[in-house]
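Order of writing sets the labels: A, B, C and D. Residues in every chain begin at 1.
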Amino acid sequence: MTVQASNLESEQLPDPSGAPEGDVSKLAGKSPTRLALGRFRRDKLSMVAFVVVALYILAALSAPFLVKFGVLDPTSFNQELTDPSTGGLPIGKLGGISWEHPLGVEPQTGRDVLSRVWYGLTFSLAIALTATILAIVFGAVLGIIAGFSGGWVDATIGRAIDLTLSFPSTLMLLALSSIGIQLMADILPGTFSDPLPNGAYVVFVLALFGWPGVARIIRGQVLSVREREFVDAAVLLGASRRRIYFKEILPNLWAPILVVFTLTMPAYISAEAALSYLNVGIKPPTPTLGNVLRSSINYSSADFIFFFTPAFLIMIIVVSFNLLGDGLRDALDPKTHR
Amino acid sequence: MFKYRKRVLAASAAIALAAGLAACGGDDGGESSDNPTGDAAATGEAGGTLNYLIYAPIEHVDPQRIYVGRDITNFSRTVYRQLVTFPISTDPEVSNTPVPDLATDTGTSEQGGKVWSFTVKDGVKWEDGQPITCEDFKYGASRVFATDVITGGPNYLLSYLDIPTDEKTGLPAYNGPYKGDGQELFDKAITCDGNTITYNFKKPWPDFPLAVAGLHMMDPYRQDKDQGDKSNFQIFSNGPYKLEGTWSKNKGATLVRNENYDPATDDPDNIRRALPESIVFNIGQTTETIYDQLIADSGDAQTAVTGQRVPPAYYNQIEGAVADRSSLQASPYVDYLVPNFRNMTDPKVREALKVATNAEAWINAGGGEKAYAPAESIVNPAVVGYQDNPAFSGPQEGDPEAAKALLEEAGVQTPFPITFTYPSSETADKQAAALKETWDAAGFDVTLDGLGDTYYDVIQKPNKESDVIWGGWGADWPSAITVTPPLFDSRINLTQNSDGQDYGAYKSDEFNSLVDQAQEAGTLEDQTAALQEADIVLGQDVAYIPLEIAQFYFLYGSKVTGFTTTPASSMYPDLGAIGVES
Amino acid sequence: MAFLSVRDLKVHFPTVDGVVKATDGLSFELEKGRTLGIVGESGSGKSVSSSAILGLHRKTSAKVSGEILLDGTDLLTLSDEQMRRRRGKDVAMIFQDPLSAMHPYYSVGNQIAEAYRVHHDVSKRAAKARAVEMLDRVGIPQPDRRVDDYPHQFSGGMRQRAMIAMGLINNPSLLIADEPTTALDVTVQAQILDLLQDLQKEFESAVIIITHDLGVIAEMADEVLVMYAGRAVEYGSGNEILTHPEMPYTWGLLSSVPDVSGDTDARLIPIPGNPPSLLNPPSGCAFHPRCPHRDKVPGDLCFTTLPELAPGTRTETHLKRCHLTDPDAVYEREVLPEIAPDLVEESHS
Amino acid sequence: MYAYVVRRLFVGVIMLIAMSLVTFVLFFASPIDPARYACGKNCSPELREQTRNALGYDKPVIVQWTDFLKGIVQGRDYPDDPELRAAAPELVTHCPAPCFGYSVVNTKTVNEEIKEAFPVSLSISVAAVVLWLFFGVLLGVMAAIRRGTIVDRGIVAAALVLYAFPSFFIGLFLLKFIAIKWELVDVPVYTTIAEGGIGGWLSSLLLPAVTLAMLYMAGYVRMTRAFVLESMTEDYVRTARAKGLRQNKVLVKHTMRAALTPLVTLIGLDFAGLMGGAIITETVFNYNGLGKLAYDANTTNDLPTIIGLVLLLGTFVILANIIVDMLYAVIDPRVRVG
């Protein structure tokens, strides 16, 4: 399937595998890339999704520079734009929307909302991206090893997967947050409250509970790829194991990995938001989509724009990424009608 | 002490530890705002059911363990009577002066406050009709010493009561009624002569009656009802109400009339009007939900009051008719900053920090004037003998330029790096960022260090890296003796592995000697004078920088009558006065 | 007028990558009691055409045109409901690979009985009894016990028998057997084929048997239709086609199977290259890319022009689609020696 | 079969023991001192030391761990202080086997806490599962039948959008608008059947269940759709049609039966996860289920409760896995367990 119940509801973090192996395992790069691309281009919805995702990524990349050059200013206060007598609500209509502040300003501090969500996007995507990559790399490597070597190695990895998945991940990451972040603060630059350690902790936890799903899919893939003659050939030619893993098998796994990637990203973007709600993750003043949303959720009646904006942005990117993933899947494997 | 108060306020503001940050305040007595009734004269009709809406579960219901302003007053007015208690009045003078409750008078002291004795009234009964005896009081006090079972409560008795200290553990040689080691020592320290109970202290305790009225540690307890830790959520009443069924930590409970309590004889001074037929402590809805309902004034919310402060996001909905149901009063808490004297040794640098501090931005970042009032001392105006501290009078929006100048005078090289440690939360993070602005402008280079659950562990470490530390405080009873000495007396705080509550490691012989004066003082007047002087010393050394006094901004249902918040009730709704239209 | 006559049958699948012409203008006729064999590599359009006869193609996914006259009624003009009523009753089909063609979650008996109850208003018990009867008829031992088994508990041969039972339970007048013997070992193949023949005699039904195995054709078919790239390339009586094939593709098929007479020193010559894409089939004769004899045709006829399906040099009823002018000669001279030397000797002596 | 179950259960127990050890070690490393919280305000180092002894946090981790395991087998006494037991036995709380520990913060055994919280989580998850299964499968099948049409796209898109909003946002939105602003339903407060009867119980579950259902439904819509489409192309479905079966009979008896089988796994695991408490939803609505218990235990550093919950939830997951496999054997005659 495409959508995973992420948002950390249920005790589990989003599981990239999502569906039973059978479902995704059809993807192995059977159809020629060109055909796939052609199909993809012809799928309007996917193209739209692709464009949206591209725009988001562009925004995320541009934000740090825009901040550097002062175009965006997510941190400085403009308390003159808020009214202390109303609990610091923005002065003016629709959350103080103006030319300088197209999405209004944050209550009490008067920080520019557009700058915060824009810059926050950078951090949210960075977290989701690194977590996804870690989970996929780790999962893929173990999945390949398991699938290829079989026997006790396979069994051991299988056990490890089961054990990891048996832990109530949300509870664990909550309970371990203070020590975990402390740990990160020790090995990484930055203090307990700095973005880096907090972000690193989230990335670490997401990856920690994300790899088993990937490993399962990839293992399934490898088992099917393994049967193909050219691998046997390689074995006969006495190619080294590593060579076989990475030269013979990996190339045939890019399709499923690509799809898993596009479907894991959105899950982790929501995860970041959900974790922020539980007060785990990068803390203000450094913005993320998650912590901006957290600071806005009580303003449903007082300042609807402020209340709705971050949630809406998250919704759009998550939907787009999922559609993109669907599109890729369809393109890469026309047989699965999704 | 603050910790729990803070934690609860934190919870009540529905934002982790550090609404604690938010939670503090004081008020110059004035501005009784839209408070319908204020003085003790007001009367509402009896009957009906009052709902008291609470967000976070109450940790302790056991009198010797209760240590939260809101709970202390709620239980004082309903189920736990004290030897002496505070009357209902919006006038601090009146409501900070104890009146007899279970005792015949407000107590007599000898040897300059080292010995106190009270006489228990005749005919006062427990909810089961048995009389309350001197022994019950003695037993209640003894429980405080069972520090391994009766945890979390106020433990002043450990340091005041005349019992030798066990060298090995560093704790009193008496360890409570359960194990009974050193019982004889305790029996010497507290004696019963008929109905008269006498307390013998190591050092003078001139404001002991205030302590008795301000807390429940001295409450009576019936030995046959004591199950130690299991009693944590049990109520054995001697007040106008009693518990119906059991107390559920997550849901709360219902209080109904106690037929063994007779207003005529038990409440001559009218300190517990006990108007509602029953009172429901309704625990478990978020502050936002509570206020959504109070504003809508729907269903049970019509007869509801709460100790949760209005979240700033809701201020703009409290207008017109709704505003008539609101109450804006200063709380008895103060939030403050302390410079770390280990790192910020140069007085000029501390002065610069003070001058650059923009308390106004901090207040606005926390919700503005309805959330906080400016503070001019670490002592709350509600405290007996309060006076503004000259060091902190005047405007408080911070003056970076002046501060810059001071830093230059100090000859330190700028930007001068400082780390500001505070308990992280939604609001706190904003407020800290607000302070950073002017500090940076003044030539400091500020690192914000917002911490989680480990906050107090960290800031008590002598080797902490923090240069500026947040603190919040509320007096346990309305006397400055429970404010400055516990916070700045280096002798009781600074040990090798902990700074206690003197987070800034402030150490001043001048201050300490004034504290001694205050503690040796036989009368409240002398004590107050000494403490006022001590506060001025603190101001000169910039031992602290007051931030604000949290405003208690409450809303109550349309059918609630005689809504009052008094210093006696720590400015929470005073259940002694409030009734409902039935 | 023949019992079944298919005229200019076209089955086109529009896909994102273009229109797939799985069957492109197929015509043939078949009488009751007789058997038509359709031969061709996989993807030559055999199965698609037969599915079309059963009306199995979804209107959403496939465009079917032409005429399929069964007993004079054009099946393509029937409504879905009317077609459904005939499906499995008048026209039944036996699919290849019975393992996947049977539902893994239902017992064999259940599935056979179901086929009966669709068209007969009888009780479950009655239907089951009928199923047992059929299983017995197709030679399943202890049918009353095996009737409750699941497909995966049957052996390949038995599954195929079960499929046949399912197909014949409503004794249809037209039975289509799609690769009925693929994936069965030789002895079982023989049994199944015998069974089919017996049943055909018994029920007097017309049978279309689809296969790529000329051995099967030799065994069963009265007429043979050779398909390539969605078109008929050769059509005639079984005997004719097997002894005097006139289309190089057919030769290829012949040379790629063991000699019918089971001669051991016969040699297998696989057809070079792969079946063409149906998306964009080769210009001219679809077979030309793989045809070893195209140089015998003057000019670039093979590359440019699609040959007619026309009577060859032998009989009016033996149609072929090829530009070769003297196929027999080429066959005798070049192909036969390769695949069946002994036959050649005979013809010389 | 029987032997298989036993073996699986055995492996499960091993896994749980491993989990408990991991958890203990992790928490022992935590900088948080549970004694501080119990010790309370103006707590001198001496007092804290004494509290730590009383709670047994002074013992080395291995000892604490073995005590814990002992407690599960033969029960424990709290506080475990022979002196006190001798002096005042009525003060000692006995926690009968299997004892998951004793929460100082709540002055209850963890078993009691779980006993109180579990029904809430169970109710919510049952209600949620029913909702999302009913709508998810229904819509999924509809989408599959109308494949490619506007109906199909609409259903899938709507489900995706609902999923893409962070769940706590959805929850708060429902609470603030459906319940409070528009007063379409009562402000949800958990009501047991005993208190409010079936009706009250159900209505109190509505909003939380809907919140969760929205989160999961998208996944099930898309999976159902995918599986149905997939099995539509199966040979046996073609066979069924070739028999002349009516379209909907084919759909129900042949297509669906096969398509819905893989859902069983996911339902099983998701449900197991949810029974462990939906931390965010329960926090948003302030329902005292296992999720809220976990959240509170974390904010109050209530280690015994956390550890108890980790193991409980682990058990759920492990059992769910076993049960799902059993179910499979029942549903699919091809599967031979053992």
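Before moving on, here are some points about what is shown:
One rule holds for everything that comes next: contacts are C-beta pairs under 8 Å (C-beta built on N, C-alpha and C of every residue); 3 or more make two chains touch, one makes a residue touch a chain.
These numbers were taken from a predicted model, which means no experiment stands behind them.
When chain centres are taken as C-alpha averages, the shortest distance to the whole-protein C-alpha average belongs to D. Chain centres were defined as the mean of their Cα atoms; on that basis the chain farthest from subunit C turns out to be B. More inter-chain C-beta contacts link the pair B-D than the other of B-D and A-C. The geometric centre of subunit B is 39 Å away from that of subunit D, both derived from CA atoms. For this pair, subunit A with subunit C, the centres built from the Cα atoms lie 52 Å apart. Separating the centre of subunit A from that of subunit B, both taken as means of CA atoms, is a distance of 45 Å. With centres set at the average Cα position, the gap from subunit C to subunit D is 56 Å.
Among the residues of subunit A, those touching two or more other chains are numbered 178, 301.
Counting partners per residue, subunit C has no residue that reaches two or more other chains.
Annotation for subunit B: residues 16, 288, 453-454 touch two or more other chains. Screening every pair of chains for touch gives A-B, A-C, A-D, B-D, C-D. Only residues 15-17 of subunit C touch subunit A when the two sit together in their complex.
Of all the residues in subunit C, the ones that touch subunit D in their complex are 51, 54, 56, 60, 80, 84-89, 92-93, 95, 97, 100-105, 111, 114-115, 118-119, 150, 152, 166. The touching residues of subunit A, counted against subunit C in their complex, run 35, 38-39, 42, 334. Partner subunit D is touched in their complex by these residues of subunit B: 1-5, 16, 57, 59, 67, 147-149, 151-155, 169-171, 178-180, 227-230, 232-233, 249-251, 284-286, 288-289, 292-293, 296, 298, 453-454, 456-457, 486, 495, 497-498, 500-501.
By the touch criterion given at the top, residues 147-148, 234-236, 238-247, 254, 257-258, 261, 331-334 of subunit D touch subunit C in their complex.
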